[in-house]
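Okay, got some structures for you below.
One chain, subunit A, links the two complexes that follow: it is found with subunit B in the first and with subunit C in the second.
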Partner chain A sequence: MSCTETPLVRMEHVRIVHTDSGRPIVNDVSFALHRGHCLGIVGESGSGKTLICRALLGLLPPALHAEGVIRFEETDMLRASPEEARRLRGTGMGSILQQPMTAFDPLYTLGDQFTETLREKLQLNAADADALARFGLSQVKLPETVMKSYPHQLSGGMLQRCMIALTLALRSRLVVADEPTTALDAANQYEVLQRFRRLREEHDAALIVVSHDLGAVQMLADSLLVMCRGHCVEAGDAETVFNAPQHPYTQYLVGTRLALTRGFRRALGENHVSA
Partner chain B sequence: MNIGSYIVRRLLGLLPLLLAISFFSFVIIQLSPSDPAEVAIRVNAMTPTPELIAEVREEMGLDKPFLERYLTWLNNAVHGDLGKRYVDGKSVAGEMLKALPPTLMLAATSAALMLACSIAAAFVGVLFEGRWPDLLLRGLIFLGTSVPAFWAGLLLIWLFAVHLDLLPTGGLSGPSSLVLPAVTLALPYISAYARLLRNSMVQTKQQNFVLYAKACGRSRGAVLRHIFRNSLQSSLTGLGMSLPKLVAGTFVVECIFAWPGLGRLCVTAIFNRDFPVIQAYVLLMAVLFVLCNLCMDICSALVDPRLRERGLQ
Partner chain C sequence: MSLHDADPFLVVRHLWKHYPERNRSGWRTAMRPILKDVSFSARRGEILGLLGESGSGKSTLSRCILGLEAPDSGDVLFEGQTVRYWRMRHRGSCSVVFQDYVTSVNPGFHIRDIIAEGYRAGGGEGRSEREAVAALMERVQLPSRLAESLPHQLSGGQLQRVCIARALASNPSFIVFDEAVSALDVSIQTQVLDLLRNIKGDMTYLFITHDIQMAALLCDRFLLLRNGELAAAVDCAAMSASSSPYLRELVNSTVVFSSEFTGTPTAWESSA
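Let's turn to the complex of A and B:
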């Protein structure tokens, strides 16, 4: 990366360790992410992608802890107090979770949950929070009736967009999206990826996209981190990694993706195949 | 969804159930092997000769057909007349109304105590999950569940009434006399509900929306509030059963503390085979169970929008 400003997120030799047994689960991960850029983290399930994100957010499961350096803006996340980390979450680091269907409290309307969060995080009064929530929804092309809906009345795609709407309303400087497209059908996937693109372009937010779907990552990421069994096997500029994968695992990933899309495109009647 | 129409629907559905309850509480007494006329004569210390029995049967309307007797009884019951006691001929409804206030007072105090203590204990358990306050509470809960009410009651009397002389040993004499019976009565329920709510909250804590609330940087209090509301379901269902039990099952505690309540009235009636009282008690308790369950269902529906919709389908 050619930027000279200090990065928004920096990880240096981060290890995530099982506290009791001392067994490392994620080894030696380093990367830097700048404003307006997008990092893709790919790898099989269980390779530690989600844990990296949760270490950054300061929300590792109680049995695990992280070592090394994790910096978000000026804050040393591994030495920050729980209160400091909490204040950064939401406005500093927004999150899009893996399972949209269960990401909202089933007992409250989405409007209640939006305004509650916005009032608390941005110190707004009820009317302003309400207006901001409606603005967020309009940004992701959801009708205002969503405000009065309960989570079980909406589809996974709509709830996914609700989470995006909330990060937009909170003006999160970094958005961490964990498997943002896996729970969605193809049409919704495309829609969501478009939203992410605009999030970067219009709000200058940085983006971390975790996925095992190379297609989604390829569409968004500038740089790439390839994880395999807790190790970072390849890192660097996204285009380079995609076009000239060095590590056998990455070659395998890119290869299977080509094979998959080739079959898919043939079915669609296309001849042109690109990586 | 409109909660008003939900309540109206549930109340209408209750009518046939209440009718069935009244029928069964009538039938159960009729099935008992002793002849009510004979019992009525015996409790008044008279010799039941065949002529006397026939006379009393006619007087009590026992010679009429079964259905007619049921309908007469039901009609009277609806109008607040539950018959007369065999023992002294006093009105059953009147005697029950006299016994009801002390019982309700005791039950309400216990219920309030139970709710306050079990909710507080559950919160401590969740906040300190796996650490010493949680472990200590779990030990106390285990103790509270396993100690029988009569023994706990006697221990409390020994400590607070005899040894420290702070509270009266029994009887109904002002607010201080309420303390020991209420604590004794509430003790097993506190343990049960503290454990139920704590475990439910520990489970809810693992849910995805809690992680999302934390990822949004919500404060600890706000996250706890969401966890709490999502953990109420099982406790509310349980309360629907426990609240009427507090009213019905206070006999042991009422005896230990010489409390002039409903439980003692009924057990005395059972020993005397005073059928009208037993019948009225069975009816009252059944109605109480049904109403409490309805109340808890309404509370659940108020808490959970998904239940409201299901109830309207």
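Let's turn to the complex of A and C:
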């Protein structure tokens, strides 16, 4: 974290507030994220993980608003016009959201949606967009028949990989992945995590991974933000936080996750090398 | 594997199940096999895991075992009797807990009535219902003040506990957990797995999951299902000795969290 260049993403004392009641939902979150780095955000459901991502993407629900400083490159996301934010989403920051089932339009084939997005965001012609979409799908090991499928014909895991394929094709400088592996089974999970790793290494993209699965976060993250009931209770280098958690809540998270792996380790005689 | 057990509780023999395949216009074209000649048995009191990727036939197999779906061929025998006959003779003896706790309960029912439903299904009588529900809630560690709440007022972990209490209410000897902890937060998963172990008694569990770490933690033995075929039966205590290539593959692609943290975490005041 010794980069002197300006960070790709910077949040300073960000609060997310319910506009009507003035009730804060997320309090005082600050971090800086540089190119090629990965930030993990962990915490239980309802701790505000997703809201931080949505504030960054400019996609907060209408009843909420954010205060503080949120910068993506040169852009002040809190003051950016909706058009500006929309232009940045996709090419500047890609997002992979929690519910793959609602991320696509049910009435169009995935091929249609892929090419439409690629043509709009990258100003490609139809043939190039089609080729790029097929290439993207092959990157996440999906067959080309997916192009002709409607969302309901695919499983959650396949749709999740479609979203990843699209983000890869758009070559976003920042990828925000909200619970990217929760809907996937073990083999696909590993595949997707590897894919994210390569995304950082090959494209120098920055990554924000939100998850309650500490295993997945550990595999990717350099730095970590631990959220609990809207507060950031611990932050810092990922390995340090995982190995020597300070806050009782972080200790609780790490402890319960370790307990879950105990049977697996015991069964394999402790000689399994972890990822 | 253990078809020749002295006294198997559950025996599944040469089970086949096909579903019709439809082409793009919606016509049935061919029959696709979902379960291909699946045979295994479970001992009384065993926690048997069923592990497989999505679409491998886990849920179909569990539905056949519960008698919710008829196999195309093959038998499901509980204590030597067909599942239909056995369930008729032993009311409330099979229970199931599903992954989606929100759609598993009636949103307009109070927690007390949700649990009482299971109690009545097992032949419980109206007079002792109140005490029975209170006892069940205590057994799954739910605070008694939640009895008059509605499902939407509970957290995910709490609601899944309600589903577990309802499953227990009919006093079953066999419970199927179909991805019952997968949708919960990791920190809650551990608590619920502990709970399942604590309440087990002499019940037999079929624990369906796609997470090998969870199977290894809870189960005595697990079956690996791949594309409708039984790829291996693995004894958890001797997992490293198994020669199954599919198991190897699965183990190698498992993301295991590691930490040097050794302290015992203070029980965090969790909302679940």
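Basically, the second predicted complex is superposed on the first by the 266 of 275 C-alpha atoms of A that agree within 3 Å, B and C clash if a C-alpha of one lies under 4 Å from a C-alpha of the other, contacts with A are read in each partner's own complex, and residues count from 1 in each chain.
As a working rule, contacts are C-beta pairs under 8 Å (C-beta built on N, C-alpha and C of every residue); 3 or more make two chains touch, one makes a residue touch a chain.
All figures in this text were calculated on a predicted structure; none of them were measured in a lab.
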**Prompt:** Which partner does A:Ser21 contact after superposing on A: first (subunit B), second (subunit C), both, neither?
**Reply:** neither
**Asked** Which partner, subunit B or subunit C, is in contact with more residues of subunit A?
**Response** C
**Asked** Looking at the overlay, what does A:Leu59 touch: subunit B (first), subunit C (second), both, or neither?
**Response** first
**Request:** May I ask you to decide whether A:Leu107 touches subunit B, subunit C, both, or neither, giving the answer as first, second, both or neither?
**Result:** first
**Request:** Return first, second, both or neither, reflecting whether A:Tyr150 touches subunit B, subunit C, both chains, or no partner chain.
**Result:** first
**Message:** Touch test for A:Glu116: subunit B only (first), subunit C only (second), both, or neither?
**Reply:** first
**Asked** Between subunit B (first) and subunit C (second), which does A:Ser95 come into contact with in this model arrangement: first, second, both, or neither?
**Response** first
**Prompt:** Which partner does A:Pro245 reach: the first (subunit B), the second (subunit C), both, or neither?
**Reply:** second
**First, second, both or neither for A:Asp213, with subunit B first and subunit C second** = second
**Prompt:** In the complex of these two chains, what residues of subunit B are touching subunit A?
**Reply:** 207-209, 211-219, 222, 226, 229-230, 303-306
**Prompt:** Quick one: in the complex, what on subunit A touches subunit C?
**Reply:** 44-46, 155-157, 185-191, 193, 212-216, 218-219, 242-245, 248-249, 251-269, 271-272, 274-275
**Prompt:** For the complex, which residues does subunit A have touching subunit B?
**Reply:** 57, 59, 86-91, 94-95, 97, 99, 102-108, 116-117, 120-121, 150, 152, 163, 166, 170
**Item:** Complex contact set, residues of subunit C against subunit A
**Value:** 53-55, 156, 185-191, 193, 210-214, 216-218, 236-237, 239-240, 249-251, 253-261, 263-268, 270-271
